[in-house]
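Naming follows writing order (A, B, C and D), and every chain is counted from residue 1.
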């Protein structure tokens, strides 16, 4: 069984897409292939059943199927998205995942008024329901959840609940937030692993501010791996050169909603999955969109030759 | 099997609470008692698995259990809330419900940008997935969905999809919307059954503007039944006198989120369910809240004596 | 010059409408009449240039005109709404208002992400710009501002900025929030005057939880005055009987947006202003709306006879 | 006097920043210098008093001052942002601007529920207030206004109000929206000039889909000018190479809120304005932010050498 995440976890946790056939059925063969693809590209771990994994469109059984399939397929650490409207369902899925060998679970604040007291109480209730030994990644994604969270709220939870070991940072603008948290740690707050999302759109800047890596689903995982590796290895300039080569397509994939269809199309073109289908109501690429994407992919290939 | 809803359905469809035990388990004995309670109070039909039924905190199995239990218990028409992030899951639940004898299904616009084209396309996709013979109630509840919808969008869908037979109206302010729709019908648009929500907070005014009744979960269903009956029977003044007597507690119950705990507490005090528990994260009444509620209930009883 | 507001201010501060002529010009004669009307009805003070005063549709000059006209007309304490996208403009209006004899200013959190740190920093910046001796009323109205605020954030500001003396409470659900704040005061937090908004929709319950009165614009100010007076004088039952008689029309007036047109129509029918016009884009009552309103006003009159 | 915008306007309309001194006063000398800077970089026109121009933090007098200063300084066409909570104030500023020689005005949907009928009625009321001969640019920026608008709503307004000649497109994802509108035009809808915002983050793709240029405030206006010029001149590949070189810093500047401080810092470093100050409450760069920015600016310079 892989190690569990902790407050020093670093690297690239790729947000795994969930492959479907063209008619919307779960495509387990593609899921296997996709897991292998991610592993070959050198990711540190995987995060499954997240927003971009269309977890909310799976049935409960399908979520279990995906979870067990992935955990059986890979020895890499796997974080499982378990956000749910009810804490009971959330905890049941989380405990099942941990039982099957997950490295931790990811939880976003529940929808509702963005009051700090509500967020704090919610995470205490979640942690109580999970028990102390389930490592939790706090997903800070206000563009989707509608719940912006301050650094001091995050730091309060980090201090009071040792099991909250990781921050999936995708607030935007979010660069000063990273610096605020890292400075608080220097002043005595417990350390938190910070992995960044948003497709990696600000990855070099975020690494320079002290994050530990990325947790996002960019369809060129090798780019994330290389950028993080180089940066953490002291080669920030080289890391950023590589980032810049990928940036045009990364930015294209990072568009809300539409971007999921782009991501799956790239994964299909790269041979990682059989179909780019998303479940309804989901985005779908038109012929125009596909021509545009082919051009961006070709330009990316060309740029990499020059590096 | 009860009749299906259609474009002339009228009366009171009570939004059924889902009873839990104090530790959060589904309480089927209370569910039976609650269904009987609603029937005794004279409701026309029931709506189950709605937002106030905490459907999003049930497991998929529990939703089926509730659905089948209710349909087995009552011969009244039952509308089933089937809103879901994915159309596949939505349709599966809807078709199962219809197969078990439901009178129709209720669907709200999916979360996302409030663009009219997105809402229209979504309902076409939903109707396609359901097939033509499943009657649909369009739930127009922008305070919760975040998706305001114009009368003209509703009318377009009503015209193009004959199976959309009912509007659950709970936009606010919403009185002019009712008038706009009824005037369009006079000018040739297909008729739509309109039942109002929002706890019934504007029920006399809405009836005067031509709605067909109420679909809401007020814990005194007999009030809704009597008000609608009297109004449709030509006794608008008497209907409004009764409404006014209930209004203080109705308004209290109508507060967002908090109101669900109030509603369940009233249902428990009235003997309809064994526990007022909601599932986490859900509202809970404090001692102060309960004293306040007792006072409002007692005042309601006093007022009714004077009528 | 009237007294300034402080942490023990109580009573009814009526939110003053801004009267326009039918063609949208500022109607100063009606403004005089309206101020006199409010005074005759026994209000403790006035709040001008608030959201319901359509302050954002006045020119800067008109705001000054209204401010000076009201302060010249009445010896009652006047709170001036000064919320503005920029702190410079906010402070300039506030200092002018205080210079002309205002009793304090009202400020809502600026639009933006609902992070507690942002709200706290914003109010510190506002207080710094105002100087220590301008009394501030914190307007907590998340339905309009989009910024929900926790009791602990309010208490932190109350403790750190002695000039924040009053809370205009119109969060909803908001009853537990009042109790949380009053309990914190018992435990040592500085006292805060709390006046409630939301049209007074929960006034009896809010008074029972320890608020000091109301700050809202209900077009029957004498009702608010009497309810608060009776309650604070120990006659809670009688206060609530009067409240209940007004509740049907109060609830009608309390509808978002539409309610402003209702309020102005009532004020016009009661002789307090010459025209019910609002500035574009603003709500306007149709013939149907007006018939409905007449009925509600007549029913209110009848109910009052029975008390 | 410069030409007015029309349905075939193309090129780059730079969104002008409003320069302040370090203590927040309007800096007219810098405003002159900035206008000259933009002109030297080859922009087609300017857009002033927009959101990124901090128009909502200016006094009414300052808006007039800026407007008149800019119109006196340049012979380029100037579009004036006139969005305002009230239509009266909006029209007054617009008519003054046109009288002084503006090329058109820019209007965003007023805040409020995102119903298509409300947006349509609002723009009719605006156009009625402006009169038929004031050219209007429809600002479609739902991330800020909270009002997403469908292509069909835009097309309806374009058809019914000939004075709506331009769309400032900054919906996101927005690429399919452009294609939908252009296809509708091929099918007979009146042509609309489309200039794109969002900092130009998708400019090559948007040009390929048929937009007429950009209206955004990127602090390297010469990049926008060159990219649009090359693309419209048939050199799409070269245009995109240049875009890609700027993309890292463009993406950095495009962060919400924070980005305005970045933009002004770049403009200051480039000598176009004396201070990077924004008015409170506004973003401010920390020492860390400035080091980060210097690095990105230096890398941009290096990349340009290689082109």
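What we mean here is this: a residue touches a chain if its C-beta (ideal position, glycine included) is under 8 Å from a C-beta of that chain, and two chains touch if they have at least 3 such contacts.
Computed from a predicted structure; not experimentally measured.
The interface in B-D, B-C or C-D that matches A-B, meaning over half of the contact pairs are the same by residue number, belongs to C-D. Set against the Cα centre of chain D, the chain with the most distant centre is B.
Averaged C-alpha coordinates put the centre of chain A at 45 Å from the centre of chain C. Remark: chain A and chain D have CA centroids separated by 33 Å (rounded to whole angstrom).
Averaged Cα coordinates give chain C a centre that lies 37 Å from the centre of chain D.
For chain B, residues touching at least two other chains, in rising order: 257. Those residues of chain C that touch chain A in the complex are listed here as 113-118, 142, 148-153. Listed in rising order, the residues of chain A touching chain B in the complex are 24, 54, 56-61, 85-89, 92, 110, 112, 121-122, 125, 129, 257, 279-281.
Contact residues of chain C toward chain B in the complex are 172-173, 175-176, 179, 201-202, 205, 208-209, 240, 243-244, 247-248, 251-252, 255-259, 286, 288-289, 292, 299, 303.
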